[in-house]
Structures are given as structure tokens and as C-alpha cells.
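Both complexes below contain chain A, partnered by chain B and then by chain C.
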Partner chain A sequence: MKCRICGQPASINLRSHKTAFCETDFLHFFERRVRTTIRKYRLVGKDDRPVVAVSGGKDSLSLWYLLSRMGIAADGIYVDLGIGDYSRVSLEKIKAVADRLGRKVFIFHVRDIFQMGIGEVARAIRRVPCSACGMIKRYVMNRVCMDRGYNLLLTGHNLDDEAAALFGNVLYWKKEYLWRKDIVLEEKEGHLSRKAKPFFLCSEREVAAYAIISGIDYIYEECPFSKGAKTLTYKGILGRLEESSPGTKLMFIKGYLNELRQMKMHDEAAGEAKEVIYCETCGYPTLGGQCGFCWTLKKLGLSYRVEFEEYG
Partner chain B sequence: MKVNWEGREYTFEKAMLVSRLLDELEVSAEAHLVVANNRLVTEDHKLGADDNVKVIRVISGG
Partner chain C sequence: MKCRICGQPASINLRSHKTAFCETDFLHFFERRVRTTIRKYRLVGKDDRPVVAVSGGKDSLSLWYLLSRMGIAADGIYVDLGIGDYSRVSLEKIKAVADRLGRKVFIFHVRDIFQMGIGEVARAIRRVPCSACGMIKRYVMNRVCMDRGYNLLLTGHNLDDEAAALFGNVLYWKKEYLWRKDIVLEEKEGHLSRKAKPFFLCSEREVAAYAIISGIDYIYEECPFSKGAKTLTYKGILGRLEESSPGTKLMFIKGYLNELRQMKMHDEAAGEAKEVIYCETCGYPTLGGQCGFCWTLKKLGLSYRVEFEEYG
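The block that comes next holds the complex of A and B.
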């Protein structure tokens, strides 16, 4: 197999794009695609002050690195879940990239605030660890944005993450989540920062190839709590579909985005704006009196406290 | 050739295509990348008997 650009032996075959590239031309292809996504969906503007949610994995570290190459200076936020070596090694990888990029990273230690790791927090509030983790991460990352003046939170969610989540939402008709996903989520003045996902249309395979070729040292091990997660099952099913019909995942997500746009245009035309309720303790958007974060602290008998360590 | 996959090392005596190696390991080409002698290679690349190979899973929990 030859590279489509230079004719040298290819390093990656992209069936969904019906093409193959050598390492150098793949880097150009990938970066151009992300740049196009950022421009087309207006993810990052000239006046934005972005921050990247980093986990130590390939997606977030690649995004952080790629943004830097594009001249988009962004600091990082890491939520240390207190999962032994997994969290420790993740943080080491993040600090190495922070050093390489010359950027700062905010670190929130779950154990410092909750006096226990994420597994115990989840047990105490009778939720599965992934649910407790998501709730705390969303809250903390937004808090950093609000407190430190970042108006845009960028995450490394990729095409496979989005397709798997959409698949699960459709499969069980989770209408409350189904139309919430988007490539960019607008801010709510004073309460919620804008969020964007520049890798929304890039497959996990492409992001991994980008990380490997760019020499990004990411944590390869899975989070111990993700064992048996439904997301992995959905990704496996979608992967098999992709093998027999390349481009399926991209069509699934692009089709969703088209439907979502039409629905939002319809809602705007009809003047249908959803009422937002804010947490009575901290002001974070919620469904009822208290947000999940404040409710968890109260349940554990702890007072409200959100503090960050700064590195770099 | 020496093949590193999921932290374990496997030895294969003969040269073979990457696609054959993935079949031997019973892993999907869509969910894995293969690095041979520090370079990413495609499924039709022929691995030599002396190559150092790493099979990398690309799908994570998200």
C-alpha cells in the first residue's frame, strides 16, 4: 500500500476515507482535518481563552499538543480520581506534556476534597464509578473555567466516543440525553463555560496514530473502573460494522449533527427556550435544588470546597 | 520476530504479513495499530523474521 501523497510505503490505511498515508503525510492530513473542523464549527475564536481537559490518555494529550502546534495556547485541567498507580502515572504523563508545551495544568485531587477515592465516593452515593466520575469532572472543569477566567473548555472526545454514546442513547431511547450531544455547547453566562470537541469527527484509530507518530507518551492502561463498561461493548459493535462498511461511524455522527441542527433551528424559530435552574449552593446548572457535586459533599458530611494544585 | 502485545511478548519464527499477525492474535485491524521497528505499518506490510513489533489497542473506555 502506498501513500496517496508521496507514493512511499503507507503507514496507515484509512478505509473510511478510501486512502492511505505515510507518517508525515498522515500528520498533515490529520491536522488539516482538525483545523477544518475548528473553523467550520467555529470552535475556537481569536479572543477565546481555552483550557484543555486532560486525562493522560491519547485523545486529550494529542489535542493539547495539536492545539499548541496550531498556535492555540491552552492550559490543562486534570482531575486526579485517586485511583492508585493509574492516577499517579496519568499525572506523570500530563506533567511531561505540560513541560514539553510550556503550559500550566490545574490539578484537582478527589481525595483532598472528598477524603476518599472515586470508587468509595461512588459507593457512598450509590452510583457506578463512571457516573460519579463524570459528574465530578464536569463540575470541576467548569469551576476552573469560571474561577480562572477561561471561557472555553476543550475535550478530546473522538468520533468513536460520540458514536458509542449516541448508539447507547438510541438503543435505550434515552431521550433526556439523546439531543444533548453536540460538537460545541454554548455558555450560560456566569454559570457554564462554552465546551467544544475538536476531535468529534476523528476516529479513535486516527487519534492514536497521531499520538504515536508525534511521540506523545500517553497512559495505555485502561481505567480499572472501565472494565465491562457498556461503552466498550458499543465500540466493539460499531467497530465490526465499520470493518464491513467503512465510513459507517462518520455517517452516523454526521447524520446526527444534521438532524440536531435542523431541530435547533426549529426550536429557535418556535422560540422554545428551555428554562435553566441553578444550584442553590454554588450556582451550577441543575435539574433541582442542589447540583450533584454539592449534593455529594452534603451526603458525605463535608462542606463546600473546591481547590486546585497548579503545576507549571 | 518479537511481538509485544498488551504487555506480553510473543515470538514468531517466520516472516508474515501484518494482517496475518492480527489474525494469529485474533484482534481486529480496525481497533489496533501495528508498529514495526518504530514505524507504523499497514496490514499489507510484510514483517521480517527479525523485526521488533508492537501491537497497540486504540479503543479505550472513553
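The block that comes next holds the complex of A and C.
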């Protein structure tokens, strides 16, 4: 297999794109694709002040690095879940990239605010860890944006993440999630920052290759709470389908985005707008009364407090 | 494991319904469920003149038999695809059930009309066999309804069939199929009979158990052309998901039906009606010009002819 560009031996074969590249030309290909995605879906504009949600994994660190190479200067936000070595090592990797890029990281320590790690918080509010973690991360990251004047939160969700989540939403037709997933989510002035996922159309394998070739040192371990998670089953299924029909994951996600666009146009034409309710304690969007974050603090007998360590 | 009704040893365990039955009580349970489905979705009315699409397999023969036990007298239609022993044995099984129920079967011989079997027809029009077969079956079965005064075509599609087809439609967001699948499809006066699938919510395993316990002799072999079909892959995936989360297939299909209902209500509220075009040769609904059946005959240099053998 030869590189499509230079004819030298290829080091990565992309079956879903029916092509192969050497390391250098893969980097250019990958960066060009992300740049095209950002432009086509208008993910980052000239006047935006973006911040990247970093976890220490390949996706978020690659995104942070790639944005910097594109001339998009962004600080980082990290939620330290208080999961022993896993959280400690993750933070080390993040600090190394922050140093390399010369950017700042806001660090939220779950143990400082909740006086316990994410596993115990989840047990206390009777949720699975992934659900409690998602709720806290979404909240805290938005808080940084609102308090520090960032209007755009960028996350490293890749094609495999999105396809697996969509798979679960479609399999059970989860109304509360199905038609709310998008490559960009609009802001609610004064309440919610805009959110965007520049790697929405990049597979996990492509992002991992980009990280490795770019010399980004990331944490390889999966979160210990992800064991047995259904999304891993769905990723496995989609991976096997992709193997027998390359391009399946991309078609699944792109087809969904098309369907979603049509629905939104339809709703707009019908003049349907959804009313948004805000948390009575902190102003975060909620389904009614208090948001999950404020409710959790109250349930644990703690008063409202959100503080960040700043690094860099 | 004991029968939920009589306490005797159970012979079938239905994990998706969290219950188990002995043979006799399973029969009652299964027939009651189908009766409920027929009533709830208004599949068969008092004034209907239904006909059953029979293939010789467990699903269609069980449906034919069950309808008869419910007092719904229906004749059968069989499309003989001209696949050697497979087609011959299928027809034998059908005739045996026709005799048992004292009903008539209309038989359409693909070889009589097309002068070749379905495999060769498919090659001649450059389609995969399943696509050519579906097109011819839909056409011929509707023809019987129109010509002989049946207003309702019942098919044996079961939950596994429907879930697998839906899976493929969702995976690739196939616009032409996705929102057109339903448990009942309305008629187009003078052109298209109503269609309904009473086993839509019954799993393949349940239907097979019903056939065996009822002493229905059906053809066990799958159609030789189905080897390697994607729907078999999708059935395998859904089967494994069902095993780890019983009820998944039912939730997938029921969630879809809900979504579909809301879309239809939405479209009706918006006053959106789809225009239907009819074949210029025979009057069958088409996307424009000639329908697939007439086009195929023309392509093969044959003139329009649809004839049936009548048995019983």
C-alpha cells in the first residue's frame, strides 16, 4: 500500500475514505479535514473565545494541539474526578500539553467541592457513575465559560463516540436525547455557552494516529468506571459493521445530521420553539426547579460553591 | 422454571416478557397477544376480505392457521420463485395447510411469466435477488387483491424481520424506506390493497414455537439466495443485544412506531400530503413512468401477463 500523495510506503490505510497515507501526508489530510469541518459547520468564528474540555485522553489533547496549529488559541478545562492514579496521571498529561502550547488550564476538583470522589457522589444520588460524571462535567465546564467570558466550549468527541451514543439513542428511541445531538449546539445568552465537536466526523483510529504522530503523550487507560458500559458494546458492533462495510459509521452519523437538519427546518417552518426553564438557584438550564448539580449539592448537605485551580 | 398460569414445568421461557409457559398456556398467550395487536392497531375489520401471503415458512403458515382459529377465513397467495426443490417443497407445505384449513391458494409461477427463475430475472435487471424478489412479490400479491376483490393483504413478517430491516434503514438513514415501514399501510383505492402485519410484535422464536406446538409442518431451510444477506447480520446483532438486555427488539420497534405516529400527526397538522404517481401501463404506484414489474417484462422483451394457478 502506497501513500496517495507521495507514493512512499503508506503507514495508515483509511478504508472508509478508500485511501492510504504516509505519516506526514496523513497529518496534512487530517488537519485539512478538521479545518473543513470547522468551516463547513461554522464551529469556530473569528470573534469567538473558545475553551477546550480536556480529559487527558487522545481526543481532547489532539484537538487542543490541532487548534493551536490552526492559530486558534484556546485555554483548557479539566474536571478532576478524584479517581486515584487515573485522575492524577490524566492531569500530568494535560499539564505537559498546556506547557507545550503555552496555555492555561482551569481545574475543578470534585473532591474539593463534594468532599468525595465521583463514584461516591454517584452512589449518593443513585445514578450510575457515567451519568453523574456527565452531569457534573457539563455543569462545571459551562460555569467556566460563563464566569470567565468564554463563549464556546469545544470537546473532543469523535465519530466513534457519537455513533455509539446515537446507536443507543436510536435503539431505544430515547426522546430526551435522540434529536438533541448535533455537531454544534447553540448558546443561551447568559446561561449556556455554544458547544461544538470538531472531531465529529473523525474516527477514533484517525485521532489516535494523529496524536501518536504528533508526539502527544496521552493517557491510554479507559476510565475504570467505563467497564461494561453499553457504549463499549455499541462501539464493538459498529466496529464490526465498519469492517465489513467501510464508511458505515460516517454514513450513520451524516445521515442522522441530514435528518436532523430537515426536522429543524420543519419545526422552524411550523414556528415551534421550545421554552427553556432555568435553575432557580444558579440559572443553569433545567427541566424544572433545581438543576442536577445544585440538587446534588443540596442532597449532600453542601452549600453552592464552584471553584477552580488555575494552572499555567 | 414453572408455567406462570398452571404451575406445571414450563417449556418456553420468554425473557422479554419476564415470564414462562407450558405448551398449552403458551398457545393461549400467543393467540391472545396477536388478537390484541389486531384489535389495537385495527388490522382486520369485520367487513374486510383478507388474503394471506404465504411462503411455506413458519411465519406465514402460522398466521394463516391462527387467523382461521380466530374465525378469520382467508385464502392464500404463493409466489413460486422457480428455485428448484426449495420452491417445490415450500408449495407442498402450503398445500397441506390449505387442505387442513379448507382454503384456496393462488399460485403465481415466476417461470411461467418470465421464462426464467428469480435468480436469472435478478441478473437480467442487475438487481440482487432479494430486491427483484421483493419487487415481484409485492406486485403480484397486490394484483391478486385487485383482480379478485381482496381488500387486505396480511403478511407474516415478525418482530425479528421488522427490527432487522429497521436497523438497516436507520444505520444508513434510508429516506426511501425509513419512515414508510408500519404495522399497517393504507390502501390506495383501485390501485393498492391495505397491508398489515399481525406478527409485527412477535419474535421469530415465539412464532416458531407456535408453529411447532400447533403441528404446522413448514419449510426449515432459508431461501438459498438469503446467504450473506445483511439482514442476517443485523438479526445476529439484535439477537445478541436482546440476550444481554431482554426486550431490546420490542423497544426498538415500539419506539419507532411512536416516533412514526408523531411524525404523521405533525405532517397532517402541517397539511402535507404526498402525491402518488401510477404506472402508465398497469396503474400500480410507481416513482414515475413504468413500475418495476412492467419495466422488467419490457426489458426481457415480454408482454404484460399476470396469471395464477388456483389450488383448493
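Going forward, the second predicted complex is superposed on the first by the 312 of 312 C-alpha atoms of A that agree within 3 Å, B and C clash if a C-alpha of one lies under 4 Å from a C-alpha of the other, contacts with A are read in each partner's own complex, and residues count from 1 in each chain.
Convention: contacts are C-beta pairs under 8 Å (C-beta built on N, C-alpha and C of every residue); 3 or more make two chains touch, one makes a residue touch a chain.
Fair warning: this is a prediction, and the values are worked out from it, not measured in the lab.
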Of the partners chain B and chain C, which touch A:252 in the superposed model: first, second, both, neither? second
Of chain C and chain B, partner touching more chain A residues: B
Using the superposition on chain A described above, determine whether A:146 touches chain B (first), chain C (second), both, or neither. neither
For A:125 in the superposed arrangement: first (chain B), second (chain C), both or neither? neither
Classify the contacts of A:170 with the two partner chains as first (chain B alone), second (chain C alone), both, or neither. second
One more residue to check, A:27. First (chain B), second (chain C), both or neither? neither
Once bound in the complex, which stretches of chain C touch chain A? 170-173, 233, 237, 241, 244, 248, 251-252, 255-256, 258-259, 266, 269-270
Which residues, counting only chain B, touch chain A once they are in their complex? 28-31, 33, 35, 39-45, 56-62
Can you name the residues of chain A that touch chain B in the complex? 1, 9-13, 20, 23, 57-59, 130, 157, 160-161, 164-165, 204-205, 207-209, 212-213, 220, 222-223, 226, 229, 231-232, 235-236, 239-240, 242-243
